[in-house]
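After this come two complexes, each holding chain A, first together with chain B and then together with chain C.
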Partner chain A sequence: MKTFNFLILISAALVIGLTSCNNQGQKSSGALTANAAERTYIPPGEYDEFYGFLSGGFSGQLSVYGIPSGRLLKVIPVFSQDPEKAYGYNEETKPMLNTTHGFIPWDDTHHPDISQTNGELDGRWVFMNGNNTPRVARIDLETFETAEIIELPNSAGNHSSAFVTENTEYVIAGTRFGIPIPQKDMPIADRKGNFGASFSFLSVDQDNGEMDLSFQIRVPGFDYDLAHPGRGKSHGWYFVTTYNTEEAHTLLEVNASQNDKDFIAAINWKKAEEYIENGDFTTEATEYAHNIYDEHTHTATSTIKKEVRVLDARELPGLVYFLPTPKSPHGCDVDPTGEYIVGNGKLSADLTVHSFSKMLDAIENEKFDGEAYGIPILNFEDVLGGTVVQPGLGPLHTEFDNNGNAYTTFFISSEVVKWKVGTWEILDRKPTYYSVGHLSIPGGNSQKPWGKYMVAMNKITKDRYLPTGPEMNHSAQLYDITGDKMELLLDFPTIGEPHYASMIPADMIMSKSKKIYKLAENEHPHATTNDGDVRIERDGNNVHIYMTMIRSHLNPDNIEGIKVGDKVYFHITNLEQDFDVPHGFAMMGANNSELLIMPGQTETMVWEPKKVGIWPFYCTDFCSALHQEMQGLIRVSPADSDVELSWSLGE
Partner chain B sequence: MIIGAALLIGLFVFPLWNIRLGAPQYPDPLGMNIHINKLAGEEEFDIQNIDGLNHYIGMQTLPKEGEMWEFEVFPYVVGIMIGLGILIGILGFLAKVGPGWFLGWFILMSVLGILGVYDFNIWLTDYGSNLDPHAIMKLTHPDGTPMTYKPPLFGYQKMLNFDVYSYPSTGGYMMFVGMALTFVSFFVGRKEWAKN
Partner chain C sequence: MKTLAKFILPVLGFLILSCGGSGEGDSSSSSTTSGAETSTESPKSKVKASERIDLENKGVGPVTSVTLDPEIDRKLAVEGKKVFDQMCIACHKPDSKFIGPAPKDILDRRSPEWVMNMILNPEVMIKEDPLAKDLLMEFNGSPMANQNLTEDQARAILEYFRTL
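Up next, the complex of A and B:
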C-alpha cells in the first residue's frame, strides 16, 4: 500500500513537472496571440497581400513568397543551374552563366533590391548580387525570369551589392575583399597598402532595364561589407561599411577586430558623374562578361567586354569621405528621410547613427581627423547623429516602418529591437528563432515603407520544425508591426540561406505577370511555329530536329536515321497558347536535364547518343488526360549505318 | 422607330451572342462571342483553346473567317433591315406611311430573327453531334447511346466537366431593345395616326 501511494506521488510530481515544462515551451515560442493563425491564413483561392523576394544565399537563386501566408510561390533560377527548369542546361540559357572564368554553374546570392522611382519601389525589376564570382543579375517582374547578368571586373566577393539609387539611375555593387588591382602574382603577406577595391556603378536603361558598367570608383584595399544609397536629402550619395581597416591577411577574426573604429565610406556619386563628364577618368583594360536573355528569341547571348572607366578616390578630392564607426560595422542603412545613416557595429554594444547634415557640415568646415590613403576621415563626434544605447548584442541590419520607427536585428542576442528614429529610445524587443541575420519590411529600405509586416531571416533553425537530419532549411519569422509591440505570427522555412528580402504590395506587380509567350512573337532562330515546318536536317554529325509539342503529342514522334556519334539538337516549340500548359521533354540517356517549355516558347536540348537501339522520349509535365501517351521513339543506328533520315507522326 | 432600327447598328460592333465554358481548371472561363460576321474569342486565344479541348471528343474546329455562308449574308440582311427601318421611320415621321409599316418591319425582322435562330440551332446541333469517328474519347450516356455535345441555344447546361452558359450579348440586347422600340412605336404611331 505504501509503495502504491509513493508511486502516485511520483506520477503527480511528473505530471506537474511536465506541465510546467510545457508552459515554458509555449513561452519560448513568443507568447503567440490567440488569432495569429487568422492573420496569416489566406483562404484557398485567395491571394497574399505582398510578394516577398528572398535571396537564396548558397542556393544561388531567388525565391518568391506570399506574405503573410509564408507560402512559397516560385524559385527563380539566377546564378545556379536548375535542372527543373533547364536553366543553365538548355542551349538558350547556358550563356547566362558564362564569365571570364568560363561557365560557372553556381553562386551565392545575397541582396535582392526592387527598382525604384522617386525613392519608392516600382516593381519593374529585382536586382541581386552574386557574391562569389562578382556578378549582378536583373530579374524581370513580368516573366519572373532572370533577364540579365553582368560580371564585375576588379572586384572580389561582391557583397556590398546590389542596391538601387532612388530613380534606379544606378545599381551600385561594392566589393567585399580587397585584392591586387590589376590582379598579379605577389606574396599574400604584402597585402597591406598594395591591395585595392572597387565600387561599380551600373547604369540602368529605364525602358528595358539593361545594365551597363558606367564607371568604377577605386578605393583603398580594405574589406567592405554592406551598403545603402542615400535618398531624399542624401540622394546622390552612397554609404558603405568597411571592416578589416587593419588590412590583415590572416586570422581575420582576431586581426581584423583590433581597431576601435572602422569606417562607413560616404561616396558622392553625383561628384563622380561630374568627374566622368570632365574626362577625369582613366580607361583601363579589363575583361567581364555581359549576358542578356532576349524574351523574343528565348535565347541568351554572352559578350565579353574589354574596358572600364575608373575614378581613383585616392586622387580625386571630394569623391569619398570616411565616417568612423565603432567595431566592424555590418549593415549600413539609411532612414526614409535620408538624414540618418545607421552603422550596425556588429561587435559594438551600442548602435551608432550618423547625421547626413552634420556630415555635410563637417566636410564643408573640414572637420577632419586625419586621412587614410588620401581620403579624409571625418571627426567621429562631428558626424554623430545619435546613439541607441545598449540595444542588444551583435547588431546586423536595420529597416524602417511608416511611423518613424526603426527595427534592428541582433545576431548574438537573437532578437529584433524596435527603436525610435531621432529620440533613439528603445520601444520593444522580441526574440527570434534563432540568430537573426537580416530583416525585411515592405518598402522598408525606401522613402515609402508600407510597414505592416516584418520578416526576420534567421541563420540557425535547430528545433523549429520536424527534424530532417543534420541539414535543414533556414527559418524565417513573420511579425505584425502595426501595433506598439511587435507580434510573432508565423514561422516558415526558406530556400538556401536568405541574406535579405525585398517585399512589395502584390497589386503593384500581379497584373503585369505574363501568362504565356505569344507564338506570333517567337523569334527564336530554331522555332517551329506550325506543324508544316516540322523537319530534321543533317549537317555532318550535327542533326537538328525541329519539333513541336501540343496536347497530346510530340511531332514527329518516330525518328530514324540517327547514328552513334551524332550530336542531336532537339529544337522544340510548345504550340500551346493557354495559361499554365507547359510541356516537358526528356530524352533517355541525355547527359543534362529535361526541358520545361512554356506555351509559345522554344528550347533546345543537346543529346549525343552513345548506344545503338530504340530510345524513348516523353513529355515530363502532366499536361492533359493523354499526357502519358505524349511520347516518341528514336532509332539509333551504328555510326557507319546507311539508314536514311526519316520522321513521322501518326503514320 | 428610327432609334429602334438604328440600335441594330450595334450588331456591327458588339457580339450578338456569347457562349462561355467554365471548369475547375478554367477559373477564367473560355468565352466565344458570336458576331453577325464572325466568331471571336473573348480573350485572344480562347477559340484556339476551345478547339484544343474539343478535339479530344471529336468535335469539328470552330469556323474561321470565310468558312460559313451565314457570316457573309447576315451583315447584308441586317444592314438592309436597318436602312429599311430608318426609311420607314422617317416616312412615318413625315406622315407619308402609316404605323402598319412599323408593325410590318417588326414582323419581318422577327421572322428573319427566328430563321436566324433556327439556322444557328442547326449549326449547333451539327457542331455538337457530328463527331469524328476516331475521336480520342467516345463517351456514352448510361443507356449506351453516344454522348453529344450541342451547346445550349439559350441558358445553362452542364457538359462533362464544363459549365456552359449561352446568353445574348451586348449587340443582341441592343437588337431586342431596338425591336421592342419599333413595336412600341407601332402603338404610339397608331394613336397619333388616329388623332390626325
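Up next, the complex of A and C:
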C-alpha cells in the first residue's frame, strides 16, 4: 500500500515536472487573454523583437525602447543639452545646437521617421523634426547619435515634418505657422493675405546620409499640420493637412474653426523637380545653420548658409492642389498601397478618405471648384474615396497593418478604432488610457508594415501609475494586433511627450550597432592616441591638456602651473578598445557637465578655475575594481604666480 | 520499495536538471577550458607570479601553437612596436613595472602562446589561468584591458617583445 501511494506521488511529480518544463520551452501561443505578461516578458539576457524610437516631445530628445517589453534602452540627445552625455556641453557637440538665433539648448521633437528603400524601412537613419526653432535632425543608427541638424529658413513651427519619401530621396519638412516671408515688421492684424508658408525638401546623400536644403515650395499663409509622402502609386506626391484656412490671427480655437472644410494640400514634388531642372526657381537670400557631426573627428561643425531656391506654388501650375477636407484635419496618412489618403478632421464626426486615382482624374479633367491664392481647389465629391462613418470622437492619426486594416486614434473618446481599408467598416475598438495622440505600428507608415504590435501614445496619464506629484510621465500602451480584436498587453511610461514613434524589427539594425571607435581611425585634432604624446601646452591664458584615460588612471594625474584666469581645455582620449568601457571625467567647479567618453573617442571640456588651491578630478563611470582610484589633482596658483607648468603620472 | 526508489529518484533528478538547463539557454561560458589547470596550479609558491617561470603553460584562448623563427623578423617587430605604443603603453612600460608588468624578457618566463592569449583573451585568462589570476592579485587587482587586437597584431607585438 505504501509503495502504491509513493508511486502515485512520484507520477504526479513527474507530470508536473514535465508540464512546467514544456511551458518554459514554448513561447506564447494558444490562449489569448490571460497570458499578456508572458507575451511581453523578455527573460533576463534576451532581446526584444523590435526597436521603438519614440520622440521625446518637449524633452527635445529621442528615446529608444525595446518592444514588446517596453524597456527603455537609451535616450539619444538630439535638440536638448544632455549633461549625462555632455551633449551640447563639450566643445565637440556645442556646434550641433547652433542656429541663426544663436545657441539653443532645447527644442520640441515630434515625428521620428526611419529611412526607407523601395518604400520599406531600411534602418539606416532616423530623421526627426525640431518644432519650435525649425530644424530637422538625422540620427545615425550605427552610433545611435545625432549626426546632423539642419535649420529651416522661411519656416515657423516645423510640425508637418520630418517624413521621408520612399527611397529617402527627400526628407520633407513643412511649416506649421504662417509668417511674413521674408520676415518684416508689420501689424499682426494684417496677417490675412500677407503671410506665407514653406515646404522644405531636404535631399539625402545615399552614401553618408547628409542632408541638403534642395529647394522650398512657397504656399499660402495658412497653418499646416501633418503630412505624409505618397508611396507606391502615389510616390512623387506629398500630402499635408491645413487648418486655419480662415487666416485668423487671434483666438484660433474659435476663429480657425469657422470653415466647414479646410484642405489637404497635394504637392507634386516630381513636378517641382522638373521646375528646378528648368530653372523656374528664384534664388532668395536667407540664413540657416547646417550642423554636421563627423564620426572620425568626433567633432561637429556649424556652417551658416545664405540662400535657398524657391518655387512659388501660387504661380507655377501643377505644383499644388487643394483637396477639401472637413473640419480642421490633423493627421494625414497614406495607406501602404498609396491609393488612400486619410484626413482626420478633428471636429468632424466622420473620417474622410481621399482617393489618389480619383484625384489624378479630377486634375486631368480640370474639375476644379475655385482656387485659393491661385492654387486649384478640387471638388470634395470628386476626390472622396470613402468615409468611415462615426467611428469616434476627435480622430487624430491613422496607421496600417499588412492585412489591409487601418487603426485610427480618437483623442476625445480615448480609443483606437480598427477599420477596413476599402469597405470602411469598423472592425474593433479598444480604449486607451487616456486621450491618445499618435499610434505606431512597425513599418505602419510604409509599404511594408509588420502588423504584430501597435503602440498608442497617450497625452494624459492620471491614475495609471503611482502618483509622482502634479507631473506624471505620459503613458504608452502596447496592443497585440495579430488577431481580429486588438488586445491590450502592456502599459509603460515614456519620456517628455512622445508624439509619433517609428518602430523596426531589431534584427535590421542590431548587428550594425557600433561597439567602439577605433583609435587608429581617430582624427580628432586634439586626440592623444598614444600615451607618449600626453602633454600640456600653454598659449597665453589658454592651457591645453592632452590627457588619456584607461582602466584605471588618467594621464597625467598631477598637474601644476595652472593659474586663476586661465582657460583650461581638457582634451581627453579614452584609450580603451573594448565594448562598453566608457570613462567619465568630472572637474570640480567646472561650469558645465561631465564628459562621457566612449572607447577610442576624444572629447574636450573647458574649465576656468576661479579659486586658488588644489582641486580634484575623477572618472564618473564605474569602470573597474579600481575605479575609485581613477582620480587626479590640479594645483591652481594665483594669476601672478610663477609656478612652472608641469605634469606627471606615477612619479 | 528500496529498489524502486533507487530507480526513480535518479530519473527525477535527471528531469529536474534537464529542465533547468533548457531554461538557461546555451549562452554560458562554453568550451574555454584548456590544459591550463595542469602544471601551474600555484602551490602557494613564494615566487611572485611576475617572476615565476612556466614555459609549458599556453594559457586560455584562441592561440594554441606559435612557432618562433630563430631569426627575429625586424619588420614585424617594428609593426608590433607601433601597435604596442598605441594600445598598450598606457599600462605597460617596456622595461619597468607600471600598471602591469614589463614585457622585457617575457619569453624567458612565458610561452609565446600564453603571451598572445593574455593579449587577446584577458577576461577569461584572469578567471581561468592560474598564472594570470596570481598576476591580477600581484598588480593590485588592476584588470588587463581587452584592446580588441587582431591575432596578427598580437603576433606582431610578440615579435616586438623579442627585441626588448
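Keep in mind that, in the parts below, the second predicted complex is superposed on the first by the 619 of 651 C-alpha atoms of A that agree within 3 Å, B and C clash if a C-alpha of one lies under 4 Å from a C-alpha of the other, contacts with A are read in each partner's own complex, and residues count from 1 in each chain.
In this section, contacts are C-beta pairs under 8 Å (C-beta built on N, C-alpha and C of every residue); 3 or more make two chains touch, one makes a residue touch a chain.
On a predicted model such as this, the values are computed, not experimentally measured, just so you know.
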Contacts of A:Lys358 with chain B and chain C, given as first, second, both or neither: neither
First (chain B), second (chain C), both or neither touched by A:Gly650: second
Partner chain in contact with A:His553 - chain B first, chain C second, else both or neither: second
Chain B versus chain C as contact partner of A:Gly532, first or second or both or neither: second
Greater residue coverage of chain A in the superposed arrangement, chain B or chain C: C
Contacts of A:Ile516 with chain B and chain C, given as first, second, both or neither: both
On chain A, the residue positions that both chain B and chain C contact, one per complex: 516, 550-551, 576-579, 624-626
Chain C residues within the chain A interface of the complex: 1, 4-5, 8, 12, 15-16, 18-19, 22-23, 25, 27, 85-87, 89-91, 98-99, 140-143, 145-149
Complex contact set, residues of chain A against chain B: 516, 550-551, 576-579, 624-626
Interface residues, chain A side, partner chain C - complex: 2-3, 6-7, 10, 13-14, 17-18, 20-21, 24-25, 45-46, 516, 519-520, 529-532, 548, 550-553, 555, 575-579, 581, 624-626, 650
Contact footprint of chain A on chain B as seen in their complex: 28, 44-45, 48-49, 52, 56, 136-137
